[in-house]
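You will see two complexes here that share chain A, one where it goes with chain B and one where it goes with chain C.
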Partner chain A sequence: MFKFHYRLERSALGLVGFIILVASIGGFIEIAPLFTIDETVEEAQDMRVYTPLEVAGRNIYIREGCYACHSQMIRTLRDEVDRYGPYSLAVESQYDHPQLWGSKRTGPDLARLGNKYSDAWHTAHLYNPRDLVPQSKMPAYRWLLRDQLRTDDLGQHLAALRAVGVPYTDEQIANATQDAYGQANPDSLEASGVTERYGEATNIRSFDGQRGRLTDMDALVAYLQMLGALTDAAHTTETAEAE
Partner chain B sequence: MALKERDEFSGQMTTGHEWNGIKELNTPVPRLLWAFLATLSLFAIGWTVLMPSWPGVNDYFRGLLGADQHQAVRQSLAEADVAKASWSERLATEDFATLAGDDAIMTVVRQTGPALFGDNCAGCHGYDAGGNPGYPNIAEAPMMWGGDVETVAETIRVGINSNHPETRYGQMLAFGRDQMLASAEISALADYLVSLQGQKSLSAEETESAKTLFADNCAGCHGEDGTGMVETGAPNLTDAFWTYGADRSTIRHSIYDGRQGTMPSWEGRLSSTQIRLLALYVMDLRGATP
Partner chain C sequence: MFSDFSRDERIFSFIILGGLVVAGLAMAIAGRGDLLSTHGWLIFGLSLLAFFAAVRQFDRPEPSAERLSEYYDAPTRAGLVLTLIWGVIGMGVGFWVAALLAWPDLTFDVAWLSFGRLRPVHTSGVIFGFGGNALIATSFHVLQRTTRARLPDAISPWFVLLGYNLFCIVAASGYLMGLTQSKEYAEPEWYADIWLVVVWVVYFAIYMRTLARRKEPHIYVANWYYMAFILVVAILHIVNNLAVPVSFGSAKSYSLFAGVQDAMTQWWYGHNAVAFFLTAGFLGMMYYYLPKRANRPIFSYRMSIISFWGITFMYMWAGSHHLHYTALPHWVQTLGMAFSVVLLVPSWASAGNALLTLNGAWHKVRDDAVLRFMALAAIFYGITTFEGSFMAIRAVNSLSHYTDWTIGHVHAGALGWVAMITFGSLYSLVPSMFKRERIYSNKLVEMHFWLALAGTVIYVFAMWNSGVIQGLMWRTYDEAGTLSYSFLESLDAMHPYYIIRAFGGLLFLLGAITALFNVVMTIRMPAMEATPDRGRDLPAEPALQAGE
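Let's look at the complex of A and B:
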C-alpha cells in the first residue's frame, strides 16, 4: 500500500484523480441517506400545510430569533416526554423550510405549545413576559402588537415553499393575502375561504384581541397556537408502537 | 533525478529529489499515528456494524445490537409507570375523600404537584397559584365554577371557553360596546361595586338606583346579592378578589367591553391521573379538605 502511494505521488494526474475519488466517497456517504429519505420519514395522511398567516408568523419567529432560545424538538428521553408530550417525529418537520429544531433551551421547548395557553395569554406574554411570569428573562416584544402585518407578498412565500416541495395549490397561493386577513377576523367575509382551503381544524380567531387590525402579533400567535398540530402522527405513533 | 541516499546528519533517507543542491528528508510517519488511525478505523467499522447505519433501498441497516431510540424511551416510560404504580393506580381510581385523607398519597401530591403545576398551570395562575391580571387567584379566591375537588378536576379536564366539546362556557356581556347600558349607568354600576369594597361611599339615592340597575342587568349571572353563581361561572363581586383588577377604571372597562377569559382544556395533554393529582394539589394549596 505504501509502495502504491509512493508511485502515485509521482504522477500528477493520477494523484488528482485519486483525490477526487476519495473525496467523492466521503460526499456519497453524506448524501446517500437522502436518496431513501422517503423510506425513513414516517407517513402521515393527516399532515396539513401552514396557512398564509402561520407562514407569516413563522417568518416573524425566525426574524425575532425565537429559535435561539426555544427548541422545537422533543427528544426521545423520558423526562422530555413527561414534560412536553410525545417525542417529535421527522414527518412533523416535513414542510419546515428551514426546520426550527434549535439546539438551545434558554426557554422551554415549543414543539407542542399549540393550544396549551389562550391567545390572550400569548399576546400579553409577548407584550411583556414579566406581567405573567415574574421570573422570566425573555425579552418583551411590544412592537408585534403595533406593527401591521405585511401580507401582499404572502403568495410569493407560499410559491417559494411550493418550489421546495410543500403541496400548496394555485388557489391557496392566489388567495394567500385575503386568507391571512380572514384567519384573524372570524366575522369577516374572507374567513370562510380559509376553512374551505385549509380545513375545519384551522384556528380562525382574532388572535391579538384587536378587531379589524392585522398585526405581527396575530401572525405569531396563530403560528404558536398550531405548533404540534400539523399532524396527529406523534400521538398515534406512540400508541400504535406501544401495542 | 538523484539517487536516494542516507542523510549523514539525521540518519534518515532522502526522497531522492534535489533542487540546486538542496535535498529533502523522507521521514516516515510515526508508528503511533498509524496505530491511532488504524484503531479509529476499526472502531468506526465496528460501530456501523453494531448500530443503525447504512441506508438501503426500502429500509436501512438496523445494526446487530438492535438499538432503537423510540423503543428505548418507551421502555423507560414503562419503567417509570411501574415505579409510580403504587400511587398512580390509587389516584386514578379511588374517590377524592379517601385520597385526601391518606398521608402517603398526599405526600406524593405535595412532591409531584409543584412540578406539574409549574409546567402547566403557573404560566397563567402563577407559581403560588395567586393569579395574574386576567387569570384568577386559585389559592384563596372562591372558585368561579365551584370549589369542590370533583368540580375543580372537571374544570381542568374540559377548560373554560376552550375548544373542548364539553367546555364550560361563560361570557360577561359587553354592556357598553353593545349599547345595553348608557355610559352614565356603567359609571354608576362601577361606583356601586367600588363602594361595596368600602373604597368609596355613595349617597343612599345613588346606591338605590345602582341596586336597581344591578338587579336588572347583572343579577341574572352574578346573583341577587352579587356573590356570584357557579352555574354561570360569574364571580363574586362583593369580596376582595378581582380577576382583572379592583380599581374603578378596570371595573368600568369590564362592564363596557365585556370579558371572556379562556382556560384551555387539559384532557389529552394531561392524563386523568395527572388531572386528579392537580385537583388535589390545588385543594391542598387552598387548605381545604374535600
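Let's look at the complex of A and C:
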C-alpha cells in the first residue's frame, strides 16, 4: 500500500483523480438514493403550494435571516412533540426551495406556528418583540411595516419555482401579482380569485391591519400564519411514537 | 504588482478588467429596479478603478528577466495583509452580533444592523475572508517551496487573489442588503457563485501548472491537502449551489433541491466546508509551517498518508449527523453517525503527527510564541475532532443539537484550531516574505497568544455551559409529566453566558488587531540589506517560462 502511494504521490494527475474518486463516494451513496427511494417523502393528497404572498413572505423570512435563530423541524423526540406539536414530516417541506429546517434555536421552533397567535400579535411582536415578550432577544423589525411589498415580479418567482418542481399552474403564474394583493385585502375584487386558485383554506385577511396598503409585514405574517398548514399529514398519519 | 508584469501580461490584464467593467455594467442595466443592479454598479466601479490604475502604470519599465529565477511572492504578501484585514472585520462583526444577542436593541431600527443580516457577514468574513485569504496566500508560498518551481505566470495568482476578494465583498455587501440563499456558509446568490467557480478553476490551474514544472519528484504532503481543499470545495460548491434565477435581471434564485434532499445536500456541503475548507486546507498549512518552524521533520510519513486518505474518504459521509431525529431517513442518519465516529482515527492521526513532530523541540514551544500558536492549534484540533465525533452520536446529538453547544464546538475549532494555526503560520511567514529581519515586536506576539487563548477558553466554556443548560431545560419533565420549563425560561438562563461569550470574543478580536498592527509595523521596518539565507530561498534552477 505504501509502495503504491510512493508512486501515486509522484503524479499530480493521479492524485487529482484519486482525490475526486475517494471524496465522491460518500455523498453519492447518501444523496442519490434520496431522489429514487419512494419512501423518503410521504404521500400527502392535500398538500398545497404557497400563495404568491406567502412566497414573498418566505423570501422576507430568508432575507432577514430568521432561519439563523428559528428552526422549522420538530424532531422525533417526546419533549419536542410535547412542546411544539407533531414532529415534522419530509412531505411538509417538499416544495421548500431551499428548506428552512434551521440548525439553531435561539428562538423557538416555528414549524407549527401557523394560526397559533393572531395577526395583530405577530405584527406587534415583529414591530417590537419586547412590547409583548420583555425577555425576547429578537431584533425589532419596524421596517417591515414601513416598506411597500414588491409584487410586480411575483409571476417570475412562481415560474422559477415551477422550473425547479413546484406544480404552479399557468393561471396561478399569470395572476400572481393580483393574488398577492387580494390575499391581504379581503374586501377587494382580487380576493375571490385567491380562494379559487389556492383553495378555501387559504388565509385571506389584512395581516398587518392596514387596509389597501401591501407591506412586507403583510407578506411575512401571511407566511408565518400558514407554517405547518400546507398539509394535515403530520396530524392525521398514524405515526410511530416519538422516541 | 504591475511592475512584475510583462507587456503581454499588462495587455491581458486590461482585457480581464475591461471584461469585468462590461459585466458589471450589464448587471447594472439588466437588474434595473432590483438589488442586482447595486452589485452591478459595485463591480463596475471597482473594476473601472482598477482599470485606470492599471492604465497609469502601463509605461513602467518591464521587469528584468532575472525575476524568473526567483519565487513569485507578491500575491502572497498581499494575501497575508488581506487575511488580517478580513480577520479584524469578521471577528469585529462577530463580537457585535454576540453583543446583539445580549442587548437586541442595539439594532437601532436599521435593517442592515439586524442580527439576521450581520450574522452571515461574520461567518463568511471569518471563514472565507480570513480563512480563504490565508489559504490562498500560504498555498502559493508552500507550493513554490515544496516544488522548487516558480508560479507559472504573473497574472493568474493575482486574478485568483483579487477575484476571490471581489467574491467576498459581493457576498458580504449582499447580506447587508438582504441577498442570501439562506443555505448556511453558501449564502451568496447565483451570480457570485458563478464568479467563484471561474476564480476557482484558475486557482486549480495554477496548482497543476506549477506541479507540472516541479523539480522535486514527490509531491509534498501539504500539497495533497491544498489540492483536496481546492478540488472538493469545487465539487461541494457547484452541487449545493445549483439554482434557477428568477430572471437574469434578478438577484434572487431558487435552489434546485427542496425539502429533505435539499437538507441532505446542504449539510453534505456544510459539514465538508468544515472538512475541506477549515480542516484540509489548514492541515496543509500545518504540515509545512509547523515542522519548518520547529526545525524537525514530520514524525511519520505513513501516518500522514493514512490520515490524509481517511479524512478525504470519511468526512464526505458525515454531513447527515446534522440531521439526527429529523425527517431525513434513518439509514442516512446512521451512516453519518458511524462515519463521524470512525473519523476520529484519521483526525487524531493528524493531530498526533503534529504533536509528535514537536518532540525534541518542546523547549522552542516554551520560548517561541509563534510555534506555541501552532502547537496549541494541533491540541485544539485534537480536542475539537473528539468533541465532534462525540456530538455526532445520536443520543448526544439529541441534547446538543439546536443549542449553543454547537456554537461552542464550532468556535473551539475556528478559534482554537483554524485561527491559531493561521496566526502561527502568518507570524513565521511575514518577516521572510517582506524581507524583514524579524517581526516588529515579539512581545506583542506573546500578548496576542495569551489574548487568543484566554478568549477561546472563555468563549467555549460559556457556550458549553449555556448549551448544556439549554438542552437540559428543554427536555426536563416534572412529576406530573409536563415540561418543567417554558422556552422563555431557557432563553432567560442564557443571558449571562451571552455576555461572557461576547467578552471572550472581544479578547480574541483584540488579539487579531494586535496581529494586524504588528504586521503593519513589520512592513514599515527597513528592509534587510543582504540575507545569509537568501541564496537558499530560490527555485531549483533559472526556470524560464518558455511558451507560457
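Definition applied: the second predicted complex is superposed on the first by the 202 of 243 C-alpha atoms of A that agree within 3 Å, B and C clash if a C-alpha of one lies under 4 Å from a C-alpha of the other, contacts with A are read in each partner's own complex, and residues count from 1 in each chain.
Here is the rule we use: a residue touches a chain if its C-beta (ideal position, glycine included) is under 8 Å from a C-beta of that chain, and two chains touch if they have at least 3 such contacts.
Quick caveat: nothing in here was measured; it's all calculated off a predicted structure.
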Touching partner for A:Ile20 - first (chain B), second (chain C), both, neither: second
Which of chain B and chain C A:Ala140 touches, first, second, both or neither: second
Partner chain in contact with A:Phe35 - chain B first, chain C second, else both or neither: both
Chain B versus chain C as contact partner of A:Arg83, first or second or both or neither: both
First (chain B), second (chain C), both or neither touched by A:Leu189: neither
Contacts of A:Ala174 with chain B and chain C, given as first, second, both or neither: neither
Partner chain in contact with A:Glu64 - chain B first, chain C second, else both or neither: second
Contacts of A:Ala124 with chain B and chain C, given as first, second, both or neither: first
Chain B or chain C, by number of chain A residues touched: C
Residues of chain A that lie at the interface with chain B and also at the interface with chain C: 35, 39-40, 76-77, 82-83, 87, 133, 135
Residues of chain A touching chain C in the complex: 2, 5, 9-10, 12-13, 15-16, 19-20, 22-27, 29-31, 34-35, 37, 39-41, 59, 62-69, 71, 73, 75-77, 79-80, 82-83, 87-108, 129-130, 133, 135-143, 153, 156-157, 160-161, 163-166, 243
Residues of chain C that touch chain A when the two form their complex: 34, 100-102, 104-105, 107, 109, 111, 114-117, 119-120, 175, 178-184, 208, 211-212, 217-219, 224, 227-228, 231-232, 235, 239, 243-247, 250, 252-266, 268, 302, 305, 309, 312-320, 322-329, 332, 335-336, 339, 398, 401-403, 406-407, 474-475, 477, 482-483, 487-488, 491-492, 495, 498
Complex contacts: residues of chain A adjacent to chain B: 32-33, 35-36, 39-40, 76-78, 81-83, 85, 87, 112, 115-121, 124-125, 131-135, 238, 241-242
In the complex with chain A, residue positions of chain B that touch it: 55-60, 69-74, 76-77, 80, 119-120, 122-124, 126-127, 132-135, 163, 261-264, 269
